[in-house]
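Everything on this sheet refers to the single structure shown next.
Labels A, B, C, D, E and F are assigned to the chains in the order they are written; within every chain, residues are numbered from 1.
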Amino acid sequence: MATLGLVEYADAGPEVRAVYDDIMASRKTDWINNFWKALANDPLTLRRTWEGIKEVMAPGALDPLTKELIYLAVSASNGCGYCIASHGAAAKKQGMTRDMLGELMAIVGMANETNSLANGYRVPVDERFEKLF
Amino acid sequence: MATLGLVEYADAGPEVRAVYDDIMASRKTDWINNFWKALANDPLTLRRTWEGIKEVMAPGALDPLTKELIYLAVSASNGCGYCIASHGAAAKKQGMTRDMLGELMAIVGMANETNSLANGYRVPVDERFEKLF
Amino acid sequence: MATLGLVEYADAGPEVRAVYDDIMASRKTDWINNFWKALANDPLTLRRTWEGIKEVMAPGALDPLTKELIYLAVSASNGCGYCIASHGAAAKKQGMTRDMLGELMAIVGMANETNSLANGYRVPVDERFEKLF
Amino acid sequence: MATLGLVEYADAGPEVRAVYDDIMASRKTDWINNFWKALANDPLTLRRTWEGIKEVMAPGALDPLTKELIYLAVSASNGCGYCIASHGAAAKKQGMTRDMLGELMAIVGMANETNSLANGYRVPVDERFEKLF
Amino acid sequence: MATLGLVEYADAGPEVRAVYDDIMASRKTDWINNFWKALANDPLTLRRTWEGIKEVMAPGALDPLTKELIYLAVSASNGCGYCIASHGAAAKKQGMTRDMLGELMAIVGMANETNSLANGYRVPVDERFEKLF
Amino acid sequence: MATLGLVEYADAGPEVRAVYDDIMASRKTDWINNFWKALANDPLTLRRTWEGIKEVMAPGALDPLTKELIYLAVSASNGCGYCIASHGAAAKKQGMTRDMLGELMAIVGMANETNSLANGYRVPVDERFEKLF
């Protein structure tokens, strides 16, 4: 059960409704998922998080599907059940297939394995990897 | 300093050399990075990890650049300094630009923020997110 | 379901009952929450953990509310559902309001975002931050 | 070494300089710490992160010292060396003493211990902890 | 609910059935647990993971019980509910008693406490700990 | 550099010296490693942590070597550099060989891989794994 309950549109104040309206308009849907309804207990965090997501997930040097795959991969690695479910759905909407999901999960698993091996063996960074660009 | 030291080619046994040779041939380079030299203290893990990486990172439903971006994102999220450096270099080789890296990091940051918010508010998974495919 | 089940007062041996009695006396309640009932499968860990909590959470340079806020923040950041629920209740008992909780969660989210950015960009510690006191 | 290097004021474009100026004005200092110089490689993330920090860390239901303590606790728990150093300094500036820091660290340690115990024993949330407010 | 559903033997293709058959033969059971049924959505990952587990968990310098205890400890520390349950069962099958489990959990808790303290205090590695062998 | 510096024996007060003396007597050494010197900034945490370690690591249902292996595995998985180095040394003292370390690391890596896969696929716990004893 949500720590603070979920704020429905009918019970929301004007600041929260403004964000809900923008979410629905941006996503061309008439539905708000639970994450936003939970954040709405703190209207400032609701607004800031939504504005951040819009800015970060807009197409740029990376296309929207790649962005959702990255988001999903981090969420799977962190074991955030809600985020895996919601960003899984978002990635699918952007074109992620079952096969893509399988490959993504395989990479997440492998990365977690090698991350712990690199840390566990205390591997020093190679000179030529120090400066990237 | 590496927990067990780094195994150089000259000091390696035949199983380790076989993996080193395959790494250099696959990557068209004459250089082995420290991660493999640390794993070489356990030839079985060296071989299994390298075979796994080759299989997982081969082009499939996801292209090699997308795969490296996912690997890098998980490594940045986990704070594995070695892995950020080495997979940053690998992603750059596959075509990652500075702008792509900036966007990737922004997503990693945002995902870690919303993962902790979703967990902290104990947000229940929406009915329609339960089954993905 | 709990890995080892929960030990009720009626079924507990004398060492466990002694800790349960002390918990109820210290907290002025007649109720034991599940965490202690799970730890009671290992009476030594039950006792040591309870003694540690009592010592660490006693008023000192930090007041009890601030201490519970810190405990809750770490638990939210770690995504420990049980701990978020139980230390949320403890913090509320010490005076945490809904607004405080909202601000706490916002900080937890922001800290997780910037922690991953600082790690991901491999930011070196500034000279003047090296020594704190 | 920083993944992308650090952007000095002299080399920064107008958007980055505007954020640097605001950081220095808000903090009444003439100095920019490395975190912002690393983020400046991506001016959008620099601006969004700084605006977020300003909003989240402004006094509200929680005072500035409590906010910095929470930030520091999460950073210590996550093992982000840079963030521990920089938010340690920020907390000290807000009035954190050595004794407060000691108690904070003790809570962080205890929270990480009990978080892993609660998860490891798979402790079910008590009915009365389900709804917080 | 599983992200991609669970693949039952009756619905599985030949590659998946081959792995299922090997799991059942190796474990002398006629039952497949959900982890493999979930991975079976990606037959390549199913096979690679199973082969890896077989290789890593085979008796070697460490006996099978010690290996399962280590696996369980990492899973408890990571808070992976499924893995705690399944590797708890596997460890029990190898001879883990309730007392062993209690001691293991106590170590996991203590390790998480001191890990966060060592990171939080930014403790430098002692010279004599730098090289292990 | 350590957040609060390291407290040497010569500069320590009587409570800290009492713990240092007990550490050296218990370990039959004349040397204190940095972890305790860092904790000594908070004598209460120093004492409680040392008492906890002594109790938890004493021989019981698990022998001292197995206990150190578990401690090291959790530390490697968490990426705590200091703890990997110090508990690596402690495990070696208890009899850990290079081969044991290699197998331990392989398990840590595999556990992190499958933990993230189980979470990423949101695998439901099998009915028969629900209750362990």
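Just so we're on the same page, a residue touches a chain if its C-beta (ideal position, glycine included) is under 8 Å from a C-beta of that chain, and two chains touch if they have at least 3 such contacts.
Please read these numbers as outputs of a predicted model, since none were measured by experiment.
**Student:** Could you name all chains that are in contact with subunit A and with subunit E at the same time?
**Tutor:** Shared contacts of subunit A and subunit E: B, C, D, F.
**Student:** Show me the overlap between the contact partners of subunit C and those of subunit E.
**Tutor:** A, B, D, F
**Student:** Between 0 and 180 degrees, and as a multiple of 5, what angle does the rotation take that fits subunit A onto subunit D by Cα atoms?
**Tutor:** An angle of 180 degrees brings one copy onto the other.
**Student:** Just going by residue numbers, which of C-E, A-D or D-E has an interface where over half the contact pairs are the same as at A-E?
**Tutor:** C-E
**Student:** With touch defined as above, tell me whether subunit D and subunit E contact each other through largely the same residue numbers, more than half shared, or through different ones.
**Tutor:** same
**Student:** Taking each chain's centre as the mean of its CA atoms, which one is farthest from the centre of subunit A?
**Tutor:** That would be chain F.
**Student:** Among the chains, which is located farthest from subunit B on the basis of C-alpha centroids?
**Tutor:** It is C whose centre lies farthest from that of subunit B.
**Student:** Centroid from C-alpha atoms only, then distance subunit B to subunit E, rounded to Å. What do you get?
**Tutor:** Spacing between the chain centres: roughly 21 Å.
**Student:** Find the geometric centre of each of subunit A and subunit C from their Cα atoms only, then give the gap between the two centres in Å, rounded to an integer.
**Tutor:** 27
**Student:** Calculate how many whole Å lie between the centre of subunit B and the centre of subunit C, each centre taken as the average of the chain's C-alpha atoms.
**Tutor:** About 34 Å, centre to centre.
**Student:** Which residues belonging to subunit F are in contact with no fewer than two other chains?
**Tutor:** Correct list: 1, 3-4, 41, 44-45, 48-49, 52, 56, 77-81, 84-85, 88, 98-99, 101-103, 105-106, 108-110, 112-115, 117, 119-122, 130, 132-133.
**Student:** Which residues of subunit C touch subunit E in the complex?
**Tutor:** Residue positions touching the partner: 3-4, 41-42, 44-45, 48-49, 78-80.
**Student:** If we count contacts the way the header does, which residues on subunit A are in touch with subunit B in the complex?
**Tutor:** Contacts found on subunit A: 1-4, 33-35, 38-39, 41, 45, 49, 52-53, 56-57, 60-62, 66-67, 69-71, 73-75, 77-78, 80-83, 85-89, 92, 97-104, 106-108, 110-115, 117-126, 128-130, 132-133.
**Student:** Tell me, which parts of subunit D touch subunit F in their complex?
**Tutor:** Touching subunit F: residues 79, 84-85, 88, 98-99, 101-103, 105-106, 109 of subunit D.
**Student:** Where on subunit B is subunit C touching in the complex?
**Tutor:** So the residues of subunit B touching subunit C come out as 76-77, 79, 81, 84-85, 105, 108-110, 112-117, 119-122.
**Student:** Which residues, counting only subunit C, touch subunit F once they are in their complex?
**Tutor:** Residues in contact with subunit F: 1, 3-5, 44, 48, 52, 55-56, 130-133.
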